[in-house]
Amino acid sequence: MTESELKLEHQVIFYSESIFEEKKFTELEDCLLYKELQGNLWINIESNKHVEIIESLSKKFRLHPLTIEDIFSVDQRPKLDDYEDQIFIVIKMLSYDEATNTIETEQLSLILGKNYLVSIQESDKEGDVFNSIREKLRGSKGKIRKMGADYLLYSLIDMVVDNYFNIIEKIGEKVEEIESNLITDPTSQTLRRLYALKRELVYLRKSVWPLREVIAKLERLDSDLVQDATVLYIKDVYDHTVQVIETIESYRELLAGLLDIYLSSISNRLNSVMKVLTIISTIFMPLSFVVGLYGMNFEYIPELKWQYGYYMVIGICCLISLGMLYFFRKRRWI
Amino acid sequence: MTESELKLEHQVIFYSESIFEEKKFTELEDCLLYKELQGNLWINIESNKHVEIIESLSKKFRLHPLTIEDIFSVDQRPKLDDYEDQIFIVIKMLSYDEATNTIETEQLSLILGKNYLVSIQESDKEGDVFNSIREKLRGSKGKIRKMGADYLLYSLIDMVVDNYFNIIEKIGEKVEEIESNLITDPTSQTLRRLYALKRELVYLRKSVWPLREVIAKLERLDSDLVQDATVLYIKDVYDHTVQVIETIESYRELLAGLLDIYLSSISNRLNSVMKVLTIISTIFMPLSFVVGLYGMNFEYIPELKWQYGYYMVIGICCLISLGMLYFFRKRRWI
Amino acid sequence: MTESELKLEHQVIFYSESIFEEKKFTELEDCLLYKELQGNLWINIESNKHVEIIESLSKKFRLHPLTIEDIFSVDQRPKLDDYEDQIFIVIKMLSYDEATNTIETEQLSLILGKNYLVSIQESDKEGDVFNSIREKLRGSKGKIRKMGADYLLYSLIDMVVDNYFNIIEKIGEKVEEIESNLITDPTSQTLRRLYALKRELVYLRKSVWPLREVIAKLERLDSDLVQDATVLYIKDVYDHTVQVIETIESYRELLAGLLDIYLSSISNRLNSVMKVLTIISTIFMPLSFVVGLYGMNFEYIPELKWQYGYYMVIGICCLISLGMLYFFRKRRWI
Amino acid sequence: MTESELKLEHQVIFYSESIFEEKKFTELEDCLLYKELQGNLWINIESNKHVEIIESLSKKFRLHPLTIEDIFSVDQRPKLDDYEDQIFIVIKMLSYDEATNTIETEQLSLILGKNYLVSIQESDKEGDVFNSIREKLRGSKGKIRKMGADYLLYSLIDMVVDNYFNIIEKIGEKVEEIESNLITDPTSQTLRRLYALKRELVYLRKSVWPLREVIAKLERLDSDLVQDATVLYIKDVYDHTVQVIETIESYRELLAGLLDIYLSSISNRLNSVMKVLTIISTIFMPLSFVVGLYGMNFEYIPELKWQYGYYMVIGICCLISLGMLYFFRKRRWI
Amino acid sequence: MTESELKLEHQVIFYSESIFEEKKFTELEDCLLYKELQGNLWINIESNKHVEIIESLSKKFRLHPLTIEDIFSVDQRPKLDDYEDQIFIVIKMLSYDEATNTIETEQLSLILGKNYLVSIQESDKEGDVFNSIREKLRGSKGKIRKMGADYLLYSLIDMVVDNYFNIIEKIGEKVEEIESNLITDPTSQTLRRLYALKRELVYLRKSVWPLREVIAKLERLDSDLVQDATVLYIKDVYDHTVQVIETIESYRELLAGLLDIYLSSISNRLNSVMKVLTIISTIFMPLSFVVGLYGMNFEYIPELKWQYGYYMVIGICCLISLGMLYFFRKRRWI
C-alpha cells in the first residue's frame, strides 16, 4: 500500500462546555491553531502507517523518540509512559471477527497533554469505533463536555474495556456450547475447539494483564494532567479490567474441567467397546469349542451315535450363553 | 414488568438507643425528614428496578454518577468506593436454590453516610432476608441499638457472609456424597456432578475473593464514618471471609483428588474387562486348535483309530485349562 | 449432656519465682483473689461448654463480646485479636487417633492479660494435655517460673506445635508405607489410602497456615504484654511452624508423584494383560486356520491323500508357533 | 588453546559528539591514554579467556575481586553489582544455531564507570555482534554520540534483548508447526519435539527472569553513572523483557495444551483400532459358530439332509452380519 | 556410642594478618586464652554429640538457651538468630553418597561473635571438609587472613553452597540419563528412577529455600559483627543460592515433561500391541469362517464336488488377506 493511497481523512474535534467544532483533515497543520485556544483538542489519526503526519505530530507536540518508536511498532505491550508534560499510553483494541472466528487486535496509541488528546489507530479499515464518543461530544448535555481531555482519555479506555466484555461473552457462549456438546456427542473435533478456546484465552490474557497495570498506573499517577474527579472514573475502569481478568481465569479453569470430561469420555467409550468385544468373545469361544469337539473324526465318540446328541449340544450352547449373560448382568456390564 | 407493577413497599427504620420507628413507604419523600433528626436512619429499597425512587435517592443523598451506574448494573464485581462523606459498597448475596440445585445471586448495594445507611436489593422476590436484623433492632436490648449506622452496615455484611457458610456446607455435603459414591459405584454421571461442583466453586470463589478485598478495605479505611469500635467487628467478618476462601480451596483440592480416583477407577474397570477377555481367549484358543486338529480329514491320522482317542482329547483339554488357570492364579489375575 | 453433669474441676495455678500454688475449682470466684497478688495466674478451663463459668469469666476479666463468641464457636479459624490490655488467641490442638486413623481437633482459646493467662479447652475428655507444663511449673528450677505469663503462653503454643510434628511423622510413615506398597503390590485400595492421606494433608494445612499467621502476628506485636525476652522464643515456635508447613508441602508433592506411579502401574498391567492376549491369539489363530483348511469336505484335496499329511500339518503348526515366538522375542514382549 | 593463539584484536572506541576514534589493540596499555581525555571510552574485549588482558584491566580499572571471578566463570546467573564508582553487569547473549537447532549462550560482562564502558565477551568466534552499534557510533548523527557511556550500555543491552525476540519467534514458529502437525499426523516423534521445545523454554526463562531483575535494578539505581535521560530508555528495555517473559509463559501454556491433544489423539487411535477389532470379532465369531455347528459329525442332524440347508446357513450368516452392522451403525462406530 | 569413645580432637585456629596458630584440643579450656588476644579465633567442634564440650562452650561464650537446643536437635530448619553480640546460624551441609545413591545431610551450627567463630558439625566421620579453608588460612597470602571472622563465616557458607552445585550437577546427569533412556528403552524401572529423582529434588529444595532466607537475612543484617566489605561477598553467595534454586525448579519441570513422555510411551506401546492383535484377528477370522463353511457336513453343497474347489478356497483366502493388508496399509497401521 503506497502512502498516497492512504490519504484518509483524520478527524479533529475541539470542544469545551460551550463550544464544539469538528472537521476532517489530511495535513496536521489544519488543526494546530486550536492548540492555542482555550478548550480541549482531540486529534484522531486513523492509521499509524501515515508516516508523514506522525512525524509532523512528533515535531509539533515534541514527542519523545521512544514514543514515536512505540507508535510505529504494532507488537507493543500495553504500557504507560509518563513524560511530565505528556502521558503516553499504548493499549490493544480487540474485536471479534465473526467470519473467521478469531480475535482481531488493533493497537491504539494515546497521547494526553495539557488540554489535548491525540489518538492514533493502527489500521484504517474501521474508522467508526469512536463514533459513540463523538456522539456524546456533539450532544451539548452529558458530563464529557464539562470535563477535560483526561476524561476523554478515560472515555476511550472505557470503550475499549467494554469491548473486552463482548469478547468474554463470546467465549463464554463457546464454553457453554462445548459443555453441552461434550454431554451429547464428544468428537475429536471438540478437543480442537477446546484448544482453540484455550489459545484465545491465553491471547486475551496477554492483552488484559498489562492493560490492568496501565490503568493502575494511571490511577496512582500524581500528574497535573489527570484531575482528581477523573481518578474516580479511572478506578471504575480498573475494576472492570479486574473483572475481565477474573472471568478469563474462571473460563480457563472450566476449560480444564471440560478437558477432563472429554478425556474420561474417551476412556468410557473404550470401555464400552471392550465390553462388547468381551461379551461376544466370552459367549462364542466356548460354543465354538463345543461344536468343534463333535466335529472331530474319531472313530469312537459315543455321543455321535445318540439320536438326540445334536439337540443336547444345542441345549448345552444355550446353557453356556445364558450362564455368561447372567455373569455379565451380575458384573453390571449389560 | 412495568414500573407500576413494582409498587412494592420499601422500609425505613429510624432508631437510636431510646427511639425506634419503622414504616413502609413507596415515595422517598416520606422518609427524608428523619435525616435531619438525631439517630440512625436505615432505608431499604427492595429492588434496583425502581428507577424513579433511586433517582430521587440520587438527588437527595447526592450520589456520585458512578454509584448510580453501579446500582443499576447487576453484573458488578463486589467493590468499595470511598467518597469521603459516603462509602459505597456492592456485594453479592448468595442463596442455594434446593429445587434447581444451583446457587442464586442477588446484588446488594449499600450506601453508608453520616448517621444513615441505604441498602438496595436487586430482586423484589425475597423481601425478608433482613428480618433477623430488623428483629434485633426492634428489641431494645442488644448492641445494635447502641451503636451507629456503621454497625448496622457490619450486621448486614455479617449476615451475607454467614449465608456463604450455608452454601459451603451444601457443597461439602455434595463432595462427601460423591466421595462415597465413587467407592460404591462410579458412573459417568459422577463425573458430570464433579464438574458441576467445580463450576459452582469457581463461581463462588469469583464472588468471595473480591468480597474479602472489600472488607479488608473497609477495615483499613481511615474514615469518620466507621468508628474504631466497629472496626473490631469488621475484622471478625474478615476472618470469616478468609475461612470461606480457605474452605473453597480445600474443596477444590479434594475434587481434584476425586477426579483422580474416578479416572483410575475407569482404568481399573478396563483392566478387569480385559482380564476376563484374556482368560477366556487364552483358555479356549488352544482347545479349539486341538479339536480342530482331529477334525481334519486326512486319510492317515493314527489317533483317530484309537478307541480312547476321544477321551484323550478331553483329557488334554482339561490339562490345558488347568494349566492356564494355574498361570493366571500365579499372575494374581483371578 | 446437661450442665450439671459437666461439673468438672478446672485448675488454677498461681506462681512466681518463689511461690507456687495449685488447686482445682468449680466456681470462678475461688481463684479471683490471686488476680490482685503479685505473681502469675494461670486459669485452665476444661471445656467451653461450661457456659456459666465462661460468662462469669467474661464479666470479671472484661472480655470483648467477640471473644466470648469465638470461645463458644468451635469451627473458628486460628486467630489473634489484640485488645491492648488483653491478647486473645484461638488455635487448634490436633491429635492422632490411632483407633480410627483420623486426626482429631480440639480448639484452644487463650487470653493473655497483665500477669494472667486463661486457657479454655474445647472438650473435657482429655484433661491432662498440659501436664508436662504443670510439671515444669511445680519444679522450682527451670526458666518457666522465672518468666511471666507471656512465657507460659509460649510454652502452651510450643507444646501444641510439637504435637503437630507427631502427626506429620505419622503421615510420613504412611507415605513411606504406600511407597513400598506401590512397588510390591498396587491395588485400588492403595488409591483410596492415597486420597485419604491427601485429605488429611489438606485438613492439616488448613490448621497450620493460619497458626503461622497467628504466631507471626504475636512476634511482631508491639504490646506491653509480651516481653522482649519472650519474643526470641516465639520466633523459635514460628520457625517450627514454617517447618511443619514445608514438610506438608513436601508430602503433597510426594503424594502427587506416587499417584503418577500408581496410574502408570495400572497402565503397565493393562499392557501386560494385552500382551498375553495378543501372543495367544497371534499363535493360535493361524494354527486354527490351517487345521480348519484340512477339515474341509472337498472331494479333491490332494494333501488329504498323502500318508504324512497329518505330520506335515503338525510340522507347519510348530513352524508358525516358533516364528511367532521369535517375532515376540524380537519385539521384547517375552 | 594456548594463550598465544588467542592474540585476537580487541577494539577500543573513543567518542564524543564531535570526536570519533576507533582502533584495534592487543595490549591494554594502548587504550588507557583515552581514559584521561574528555569523552566516552568503549573497550570491547573479545574473549574472557585472555587472562593477561583482564588482569591488567583489573589493575588499571580497580575492579573488585568478585568482579574478576564473575568475568571468568561462565555459568554466572545474570546479575548487577553496584560498586558506587562502577556498575558491573553480567547478562547472557542468546543466539539460535540453525544447524543444530539449539540455543547457544554467550556470557557478556559489562563494566560501566565514569565515562567508560568495558564489555567482555565469552567466546571469540563471533566478533561482529556489536557491529550495528559501532556503525551508529561511526555515523555522526543519531542520539548515541550525544549521550554518555550509560546510553552505550543501554544500547548493548537493548541489542541483546532484541535478539531474544528472534529466538522467541523461532520457538513460536515451531509451536505452530507442531500444532498443524498434530492435526494431520501425530507421531511419537511429535512428543519428543514438544519436550525439546519445553526444554528450550525452561532454559530461556532461566536466562530472562534474572535479566529482568538486572534491568529493574538498573532502572531504580540511584547512581551518578546513569543519567535521568537514559532511565527512560532502560524502562523501555524493561518493558521488552517483560514482553519476552509473557510470551514464554504463553508458549508454555500452549505446549501444555498441545500435549493434551497429543495424548488424547493416542487414545483416539486406540479407540479406532479397538473398534475395528471388535467389529470383525463380533461379526465372525457367531458365523464361525454356525458353520462349526453343521460341521459336527452327529449321525442325526436333520438339517444336514435338507437340500437347501447350505443356502439356509449362508442366509443366516448374511442376516447375522447385517444385524451386527446395523447395531454398529446405531452405536455410531461405523 | 559412649562419650568416652568420642574423644575426638577438635581444632582451634587463631590468626591475624601476621599471626597463625593451629592446634587440636579435647578440652575447651585449651583455647579460651586466645579469646582475649587481638586476632581471629576459629573453634571447630567435630560433633554435636560431645555434650560436655558444648555445655562448657555455652557457659564461656554465654550462648542463649535456644541456641544450645538448636545445636543438639539435628532436624533443625536452616535459620539465623541475631543476638546483638552473637549471630547464630544453622545450615545443612549436603553430600552425595555415590554408594547408596542418596543425598546425605549434616547439620552445621555457626556462632559468629566479636573476633571469633565457632563451628559445630553434626557427625564426626568426615573431619576434613574444611581442609581447603584451613589451607588458605595457613598460606600467608590471600584475602582470608586480612579479613575478620565474618569473612571466615562467609568462606564456610560459600564452601557449603559450592557443594550444592555438585549435587545439582549429579542430578542433572541423572536427568539426562533418564532422558536418553526414555528414548531408547522405557521400562517401569525408569518411572521409579523418575520418582526417586523427584524425591531428591523435593528434599534438596527443602534445604535450599531456607538457606536462601538465612543468607538474605545475613546480608541485610545491620550488625557490627558483619563488615561492609564482607556484605559484598555475602551477596555473591546469595546469588549462587538463587541459582541453585532456579536450577532445581528447572529440573522439576523437566522431570514433569519426562513423566509425560513416559506415560505416552506406555500408551504408544499399548497401541502397537493392539495393532498386532487386530491385524492378526482381522485377517484370520474371515479365513477361518471360509474354511469352516466348507467343513460343514450338508449333503448338498455344490462347491464340494468341484475339482478346483479347494484351490478356489485358497484363492479366496489369499484375496481376503491381501485386501486386509491393503486396508491396514491405507490406515498406516503397517
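Lettered A, B, C, D and E in written order, each chain numbered from 1.
Convention: a contact is a pair of C-beta atoms (placed from the backbone, for glycine too) under 8 Å apart; a residue touches a chain by one contact, two chains touch by 3 or more.
Please read these numbers as outputs of a predicted model, since none were measured by experiment.
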item	value
Partner chains shared by chain A and chain D (touch criterion as defined above)	none
Rigid-body rotation angle, chain E and chain B, from Cα fit (steps of 5°)	145
Same or different residue numbers at the chain C/chain E copy interface, by half rule	different
Distance between chain centroids, defined by C-alpha means - chain B, chain C (Å)	26
CA centroid of chain A to CA centroid of chain C, Å	42
In chain D, residues with contacts to at least two other chains	263, 267, 270, 274, 277, 281, 285, 288, 292, 295-297, 301
Successive chains along the ring, chain C then chain E then the rest	C, E, D, A, B
Interfacial residue positions of chain D with respect to chain E in the complex	64-66, 77, 79, 81, 83, 188, 191-192, 195, 198-199, 202-203, 206, 209-210, 259, 262-263, 266-267, 269-270, 273-274, 276-277, 280-281, 284-285, 287-288, 291-292, 294-297, 301, 303-310, 313-314
For the chain E and chain D complex, residues of the former touching the latter	143, 183, 232-233, 235-236, 239-240, 242-243, 246-247, 250, 253-254, 257-258, 260-261, 263-265, 267-268, 270-271, 274-275, 277-278, 281-282, 285-286, 288-289, 292-293, 295-302, 333
